[in-house]
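Down below are the structures I want you to see.
Note that chain A is present in both complexes that follow, paired respectively with chain B and with chain C.
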Partner chain A sequence: MDFYYGLAQIIGVHTLLGLSAYIVLLTGQVSLAQAGFQAIGAYTAAMLTVLAGWALVPALAASALLGALVACAVGFPALRVRGLILVVATLAFGEGVRLFFFNFDYQVARGGVRVGPLGGEGFRQIRYFPEHGWTTLEVMLFIWAIVAAVMAALWWFDRSRYGAVLRAVGEDELAAQSVGINLMAIKVSAMTVGGAIAGVAGGLFAHYTTHIEHTNFNILVATFALAYPIVGGLASVFGTLAAVVFVQGFLIEGLRFLGDWRNLLFGALIVLSMNLRPHGLLDAQALARLKRLLGR
Partner chain B sequence: MSMLELKNASRHFGGVRAVDALDLAVDEGAIFGLIGPNGSGKSTTVNLVTGLFPLTTGQILFRGADLAGVPVHRRLGLGIARTFQNIRLFGHLTVWQNLWVAQNSPEDHARKGFFRRWLGGSSGVRAEIGELLEFAGLAARQDELAGNLAFGEQRRLELARAVAARPKLLLLDEPAAGMNTEEIGQLRERILELRGRGVTILLVEHVMELVMGVTDRIAVLNFGQKIAEGTPAEIQADPAVRKAYLGGDVK
Partner chain C sequence: MLDLVQSILDGVLFGATYALIGIGFTLVFGVMHKLNLAYAAASVGGAYCGLLVAGLAPGVAPAWAVFFGAFLAGGALGYVVYLTCFRFIPLASPLATLMATVGMLLLIDEIIVHVTDGMPRNYPAMFDDVMLRAGEITLRGDLLLVFVVSVVCMVGLLALLFRTRLGLATRAVSQQPVAAELCGIRVTRVNAATFVITGLLGGIAGALIGASVGTLSPLLTTPLTVKGLIVTVIGGLGSIPGAIVAGLLVGGIENLFQMYRGVTERDLYVMLLLFVFLVFRPGGIFAHGAGRD
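This part shows the complex of A and B:
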């Protein structure tokens, strides 16, 4: 059973990561910086619980705050550019963060053992959950409570005027400006919210894996973050969740029995799913159908 | 006082003088027509007033204040709204959302109630958006995606979207393009209704039956320069205008 709880943890954290890219994508911006924000959140939360002895929830709040602040600061210069240049700029930022943690040493002695991040060897022994006696099930439920809260918040945003403005910017920047929308403010706000979500995702990731290192936040992870909302569709937050379940649950775990063939099939199946469902796994029509089903 | 004043305004694109030393004054409450052949600088003038391009030389004054350096989104807050020659709606948003998004007048930006306005529900704006829907004749279509509307409906929605910001000056860039006679008649009534509410209107248009019927004053552009200005009757009688633009067969 623990295997499935573990898988549910992975799916939960990846859903958060995907949602952090989702809100930025709504404004039409493609960001490869989400893994960088996640790294910042992961190291922040882990250092606070392991080195400073904080409880987990305030440490996660600090991860969200720092992720948001960095995203806001990065957003102002980065969002001045668009399209491919933005992709390159955010990629450079993400890699910069990764290389920072590759070189980041900050160890202190705790009970005769030196703990803390140690450059390329990473940050070992983030033992908050085992030390406090959390079972895998409890950790999984905790992660999913946060995922549910974040999804509820984003679902709410999507129905508000703010959500409509985000989509308006994503659709036509010139028209959005002309109806009085401050493009920079809207894009940076989306980036900031995304940074906070990625920060929390990082904090949770650090604690359930108990060992983080710079390669956990490389370009592959940034690409996944972006791929989830695209594969799932931007019609609603549930698209991202569906894509994470599809990718992590089916393509990665479900096809593990195929051995090396899995990697080959992985790309092909993503391409196939994009061809069969060009507007995402859960597009507007699928959502309308679901709504009708649930309504009756 | 003039609502809008262009003083020696020019916009050059490389060697092309899209708008060249243009002087224009639109009085408050007027319906001012801007006509001229394709490429004569009409749309560029609209884009200069809304701030999409900076001026090469000259000045644009809105209610006496220089607009230089005022970014596009803030000009709407000052009271300048527009429609586009090629309709630019938010096609994946509903009709209702298109209007909701566009309510960006200064009152909508007051600090009080910031979160309720942006993250709260739509109950506070329902009456006003309902009025806009009535104005545009789109009340029955409010939940339709804007991209699914018929052409004439899209034009009406775009007009209503500009009105949503409660503008003082409304710039209409060829609002009658592609419309039939009946639709043009309805558009004329909507323009007159807006003027009745105190909105000043700058109308860029090729459809002479609309321009001549509805405007108080007209300026004619050719190659970025103003070649004539006057009342509709004066413009129709002007030999230079007939030669450059109207041709002989003005009705």
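This part shows the complex of A and C:
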């Protein structure tokens, strides 16, 4: 059973990562920096609990805050550029963060062992959960409580004026600007919210894996973060969740019996799904049909 | 001082391959206004296919035959990428195309890993025993070959773009796809041709990289993708001369910082270079006033 709890933890953290890209994508911006924000959150939370002895929840809040601050700081210069240049700028930022942690040493002796991040070897012994006697089930429930809270917040955002403005900017910048929407403020705020969510995802990730290193936050993770909302569709937050379950649950875990061939099928299925459903698995039509089925 | 000149020179020579990859990104962007993230993977894939030529006649196949095989295979792969990621996805959903090329990148990577059992393969080199000396400075023959072949490819590409009907059509589509179609240019055919041409360039770039590094491994695709994109942006989107200069610049800077700061910090400075350009010259090296896009 622990295996399924572990899988649910992975799905939860990846959902958060996908949602952090989702809110940025709503404004029409393609950001490959989410893995960088996740790395910042992961190292912050882990250093606070392991080195400073903080409790988990304030540490997660700190990583959300730092993720948001960095995202806001990146957002201002990066969002001056658009389209493809933004993709490359955010990609370079994400890689820069990864390379920073690749060269980052900060070790403290604790109970005879030296703990803390150590360059290429990464950050070992993030033992908050075992030390405080959390079971896998409890960790999973904790992660999913946060996922549910974030999803509820974003779902509510979508129904608020703010969500409408986000989508307006994403649909047509010029039209949005001409009805008096401040593009810069909207884009940077979306980036900031995305950074905060990615920071929390990083903090959770660091604690359930107990060992983080720079390769955990490479371009592949950044593209996955972007892939979830695109494969799932931007019509609703549930698209991202559906895509994470599809990718992590079905493509990665479900096809494990295929051995080596699974990886081959993985790329091919993404290509196929984009050809067949260019607006995502759960696009607006599918969502409308689903609503009718549920009798709304 | 001498080490400095030497390392910059080596870097600039190797940077020619970055320039080729950058041209591939920039050309596809110029014509279709889309990003083909599978490009570097397809290039490395083309280089691997070149090794098949060596496999056909083991021991006797000359290095140039391998290179030529890579060249052709790169073009074929370019067409496959066009068919799978661009042809059937509606123009109005750029995100779907982007994601499909990511899927293609993973697919090509995995096919390479699957076929080669994840082991790096040796790549044949030419002139690797030649050393040109100019005073205290030496030029490695294989790096010089990389440079010369890249320059020949670039000149060929420029001739194709500015001296042939296909090139005229390509430039027309990149300026105004609708107007080009109204003039009777078959846009889908021009797009496909662009992918084949960039694929050919990519195949030769992959082979040159394999030859100058000595081995070929699927681990090359990610750094190549990143470097190629950085070169594209520094050079200015859609600008071929910009991509050439930026490729050489990135190669030189990279090798310089590798010498001074070590291989783990090297790429950090390349990213910084990109940010310097994004802040001060967002339109690229040869931008006239406000950049496009």
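In this text, the second predicted complex is superposed on the first by the 295 of 296 C-alpha atoms of A that agree within 3 Å, B and C clash if a C-alpha of one lies under 4 Å from a C-alpha of the other, contacts with A are read in each partner's own complex, and residues count from 1 in each chain.
Keep in mind that, in the parts below, a residue touches a chain if its C-beta (ideal position, glycine included) is under 8 Å from a C-beta of that chain, and two chains touch if they have at least 3 such contacts.
In this text, all values refer to a predicted model and were calculated from it rather than measured experimentally.
Q: Record, for the superposition on chain A, whether partners chain B and chain C clash or fit.
A: Result for chain B and chain C: fit.
Q: For chain A, which side has the bigger count of touched residues, chain B or chain C?
A: Tallying touched residues of chain A, the top partner is C.
Q: A:164 contacts which: chain B (first), chain C (second), both, neither?
A: first
Q: Given the overlay on chain A, how many degrees, to the nearest 10, lie between chain B and chain C at the CA centre of chain A?
A: Vertex chain A, arms to chain B and chain C: 80 degrees.
Q: With the two complexes superposed on chain A, say which partner A:218 touches: chain B (first), chain C (second), both, or neither.
A: Only chain C is touched by A:218; chain B is not.
Q: Quick check on the superposed pair: does A:85 touch chain B, chain C, both, or neither? Answer first, second, both or neither.
A: Only chain C; A:85 stays clear of chain B.
Q: Contacts for A:175 in the overlay, against chain B (first) and chain C (second): which applies, first, second, both or neither?
A: Only chain B is touched by A:175; chain C is not.
Q: Name the contact category of A:188: first (chain B only), second (chain C only), both, or neither.
A: In the superposition, A:188 contacts neither chain B nor chain C.
Q: Taking the superposition on A as described, I'd like to know which of chain B and chain C A:204 touches: first, second, both or neither.
A: It touches nothing on chain B or chain C.
Q: Touching A:120 in the superposition: chain B (first), chain C (second), both, neither?
A: After superposition on chain A, A:120 lies in contact with chain C alone.
Q: Nearest CA pair across chain B and chain C in the overlay: distance in Å?
A: 12
Q: Please report the chain A residues shared by its interface with chain B and its interface with chain C.
A: Comparing the two interfaces on chain A, one with chain B and one with chain C, no residues are shared.
Q: Can you name the residues of chain B that touch chain A in the complex?
A: 50, 52, 71-74, 76-77, 81-82, 84, 88-93, 97-98, 100-102, 104-105, 117-122, 161-162, 164-165
Q: In their shared complex, at which residues does chain A touch chain C?
A: 25, 30, 77-78, 80-85, 87-89, 91-93, 95-96, 99-100, 102-103, 119-120, 218-220, 223, 226-227, 230-231, 260, 263-264, 266-271, 274-275, 278-279
Q: Across the complex, what residues on chain C touch chain A?
A: Listed in rising order, the residues of chain C that touch chain A are 29, 35, 84-85, 88-90, 93, 95-100, 102-111, 113-114, 222, 225-226, 229-230, 232-233, 237, 264-265, 267-268, 271-272, 274-275, 278-279, 282, 293.
Q: Which of the residues in chain A come into contact with chain B in the complex?
A: 156-157, 160-162, 164-165, 167-168, 171-172, 174-183
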